[in-house]
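Below are two complexes that have chain A in common, paired first with chain B and then with chain C.
Entry: the complex of A and B
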């Protein structure tokens, strides 16, 4: 549902079915809507059975990387010799992405149920939901939901009388984008500075407090109850011919569309259907110029490139970008691409954790060059310099924040070079006063 | 053992290294130094500087050599075009905000940024139009200044305080290119081992107030030595400029002090430069001492030594094994009481992250060596005996007024000294001796490790090592420190047969002593 708009017939509301329905927020309301049945069912299954079901569904991580969820769970040790942890990544901070917030806002129990099932599958007794610090309302909603669910026995020391202990702790972030990176998140939960860790060791070997840990996105975990309820095979059937990308996906569409919002569609839906159908297309008199399809960290696509682009992991990758988080930033022909790229770079420069040299210095330098170009003080060699810096910033750091800053720069220069050149040869007036 | 070894090829050189070795260490075996900043063999590796990225065949991207462990059959290229470009890129990024104030920076000449930029950095800057990041200099504590502008955020200092000192007062503050090293509120960098952050800093960001603007690195002469601050026996370098000791720094010895030394030891060098030295042999003439030459002075001592009657040696616990041993040999045949003076502190100051490493209570370098040679630690009784002895030999000790008065009661007093002292007044003969920085010798540390130190500066005036004096009195019994050591060692269980060559630069355990922590 493109809340607050009415649901579009092209959507397949699964996670978003109760968006806008305040009655679904309480424990009772959720149970009335069939909630927690999947958890009861999962508790009657073995760890392996649950994992296999999720593997069969083809569910892939919805946070951005698209790693198969069941496979990730299967990396957890079979024998529980040390505490196992589940971390739910609710630190939704990717510019252009606002799907997890809606899940938590309207259907907190959908998430808690998914968390409990996943915790069961990986042998964890404790779940940390790491929620973005700015999500104050959602934080309170989650806290209340945890309390309700615990009171009702759906969480706690003895879940539904099965003897299974599943506790949920809602942990607030303090405003750092980088804490959405899974290893930085674990550091943050441990009370340390949110710096990404080197991998290996991978979280399933040594994660939170050096214990086996699985980190899943809110939307991923929210999908799990549906898979358990209806079966992996059913979920796998939710696709348009590409068995590698299955299920439904929430797309947060923002920018120059008539109806921005969250849209849940089956994987493989044409991008044009989403943008021009469900979202109502461009504002009157405007044409589509570019789309950043998967949150700010992925390469920009031109209008031509999204022709016949399918919204699934492979489809977007085939166009040279990534499905990412599904945060879709749509830009019409009024957009100044150079300015937009500068804004993104400035964001990454602000959010760099400062560990790796290339990221710490490169993001800031990239921003300064883009600001200089926009101020009409660019130099002819600036584009080559930007590309060279981007090359030095790509694939060389602990996490991908540096790469994420470089990707939009590289793709924008490749695809919209004349716009940069217009600033460089002074045919376009400067838009920044100083640089 | 061979099953635990893996074979890797680094820049065409095949080396066998133990499983789990990081590539950067394996490369050293192959004779290749991979440029790096954040990596340090005595600290955990965060792989943040990204300077040590190397090409590993079959890996999808460049790998940090500091945390990537070797695999059998691995082929590594540290100097491929890709790896070089990555390093040049890192150097450029590090330099954009670096002040390049090398002419006034203490680190210049021993700066890893300077060295690597010189080696493979870009010739010019592409950042010229922007102002560099500026942060004021911060006073971190007793001896450490933080020059934020020079900082490359390698975090070695933070990790030292966190993981080695166990006193996490330093941190990385702020984010992005605004980041700098911060110190916790109301905290000082006053840990007894905090000075190591200055050595660890690969650039001139953490500097020692004591050494500030004292010397340029290229004007320093460096001499391997042993710290005289306590019985731990940390291996050190004595840095001298124009024959003056200006700085002590730790010298790596994995068995003793790894890469560290404490601040007490680090600051314990000013006495080496003292100007009020005894510079010539002095003999008593009436109520005053007059300078003479070695021949006359030695003749006089030979006469005193040749007499009968009980003799006493009161020596410094910081005297070398050679001097203590030869001195005893000189008085062999007479009833002899020998004791060393070892100042005792109230408490130890351990370095939490390194086993068996602390600033020890025994604040003398060679107490253990003295014990081996049969010297007593019972100082006061020995002083009392000295008051009634026929001959007292004092070796570089500082007596209190009361002790000096007691010793004056002896038949004859011979002083082998470095500086003027109370005991001089009563002395028949005063002989100028060298201090630790001015001679070669050996100490035995508290764990039984026999370690050599080298001569770092020339002795003032006519000063000679005490062992040489003792040897001359005995008719040139030894002509070199090595001969003196061999002679002294021959008589001691655990030392017998050991030679200077055996000791090398990191020392050797006494036979029968266990390698680590015999007296933890």
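Entry: the complex of A and C
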């Protein structure tokens, strides 16, 4: 539901049904609400049957890349000759995204149940939930939930008396956006600097401690119990005509809307219904200027481009951007696009792990050039320079953080060029004192 | 900087963290991972919780209990932004100023914190040692601008007007 607002009729609350309900947080409360029935059911199925059900659901990764979840699970070796691991990505640090925290805060057992089902499907006995260091309250909630579930036999050495061992370990990060990237996360769990690894090998071949590993986002895993309970076909039916994007998705809407929050809608819902209907549109007297639809790493869309835009993977891609994590940053006509692009570039410069020259230098120079433009000291060739830098930052590095910095810059220059030019030709007063 | 003077004092006073109960707590983590090295982030958290920051002596102790070198541990500590490698105020205030919060007025919230804590500038500690204020990147609560982390307290929807009252809760 549109937490912290009451549920809107346009929503279909599945994962968010119990947001705001403190009674759903305990093991007992979760069981009362039908919790852990899916895990019992899954344990009565074979590994392959569970994976097939998830494949049939059409569920795609909610962490940003949208990779089909069942397919990812099927890459894990069939024979368990060394430990298999599941990693739950609870690092949630992509600007604009704040859904996973809500899932953990209100329904920790929804996540644990999904983790246990996934662990069963991939043959893992151990699950590491990597939660960002700043989420201290959610960290404690998860620790408590793991303890409760273990005491009740829903986790541990002999899950529900089936002989199946599934242990969940909550591992706390310490401040680094890059640790949300899957291979950086594995290094971080191993007690190393969070540098992404060169792929291949992919995690299913050599992940944590070089063992087969699957990594999934909190929302992805939280969707799994619903799929097992109601069936893959049912889940696949949750869409608006596009069978490639199925199920419900939590959209975190922030910025200049009247009711920012988390809204859970069926894939394919029109973006305008979300922004203007559920979120109440802009503040009085303001008009929509731009939307960054999938977390800060994706191209920016203009108000005109979101007309008739369907909120699903293909719909947003058709408008030249990406659905990403579903973190939507809404900007009204009071927004200085140049300044905000600088802030985003500064974010990526701060968060670059600095392994790759293009990224380390590119994110820093992009920030510096944008700062000098905002200080009224831009040079006529600066926009071309920014685009040239962006070109060198795209598709050439170990991970896509570098590309993520380039995407908002390139799209903003393409769509809001006059705003950059106003600073360059000094028709707009500088907003930064020094560059 | 006054920071280096502080550092010497604190280092001289350093008492080992991993004795008694704390040692047992750390050792209880060992079976959860196939290597001792994996307990590095948890161990550093324990040092910071006990001492308020992670000094060279703290690094050396962690290296010793986990069988790593101090140079290696230092390399990891400096990668992560949440470990303090120098002493900070009694209350550590982190204000998000990334774009989603920025467009909702986060920079004014920072200004209010700097003014009402007496810190004056980002990263500095107030003269009474009570506060340190920094800007952080996205805290994962963008719909509730502006979120602020004071020590372990995650507080949402902060406006400049709310700052003075909020600070009264942190002595």
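Keep in mind that, in the parts below, the second predicted complex is superposed on the first by the 435 of 435 C-alpha atoms of A that agree within 3 Å, B and C clash if a C-alpha of one lies under 4 Å from a C-alpha of the other, contacts with A are read in each partner's own complex, and residues count from 1 in each chain.
Everything that follows uses one rule, which is that contacts are C-beta pairs under 8 Å (C-beta built on N, C-alpha and C of every residue); 3 or more make two chains touch, one makes a residue touch a chain.
Just so it is clear, the model here is predicted, and its values are computed rather than measured.
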Looking at the overlay, does A:171 come into contact with chain B only (first), chain C only (second), both, or neither? second
Using the superposition on chain A described above, determine whether A:392 touches chain B (first), chain C (second), both, or neither. first
When the two structures are overlaid on chain A, which partner does A:372 contact: first (chain B), second (chain C), both, or neither? first
Once the shared chain is lined up, is A:42 touching chain B (first), chain C (second), both, or neither of them? neither
Now for A:335: first (chain B), second (chain C), both, or neither, which partner does it touch? second
For A:350, is the partner it touches chain B (first), chain C (second), both, or none of the two (neither)? both
Contact-wise, after the overlay, does A:92 reach chain B, chain C, both or neither (first, second, both, neither)? second
Answer with first, second, both or neither: which of chain B and chain C does A:256 touch in the superposed model? second
Which chain, chain B or chain C, is in touch with more residues of chain A? C
Classify the contacts of A:193 with the two partner chains as first (chain B alone), second (chain C alone), both, or neither. both
Overlap of chain C and chain B interfaces on chain A (superposed complexes): 176, 193, 350-351, 353
Chain C partner, complex, touching residues on chain A are 83, 92-98, 100-101, 132-137, 167, 169, 171-177, 188-194, 209, 252-256, 260-262, 296, 327, 329, 331, 334-335, 339-340, 343-344, 347, 350-351, 353
Applying the document's contact rule, which stretches of chain C touch chain A when the two form their complex? 32-35, 37-42, 44-45, 66, 75-76, 79-83, 94, 97-100, 102-104, 136-145, 149, 152, 154
As the complex stands, chain A meets chain B at residues 176, 178, 193, 198, 349-358, 360-365, 368, 372, 385, 389, 391-392, 395-398
Give the list of chain B residues in touch with chain A in this complex. 46-51, 53, 61-62, 64, 67, 85-86, 89-90, 92-94, 96-97, 126-127, 129-130, 152-153, 171-172, 174-179
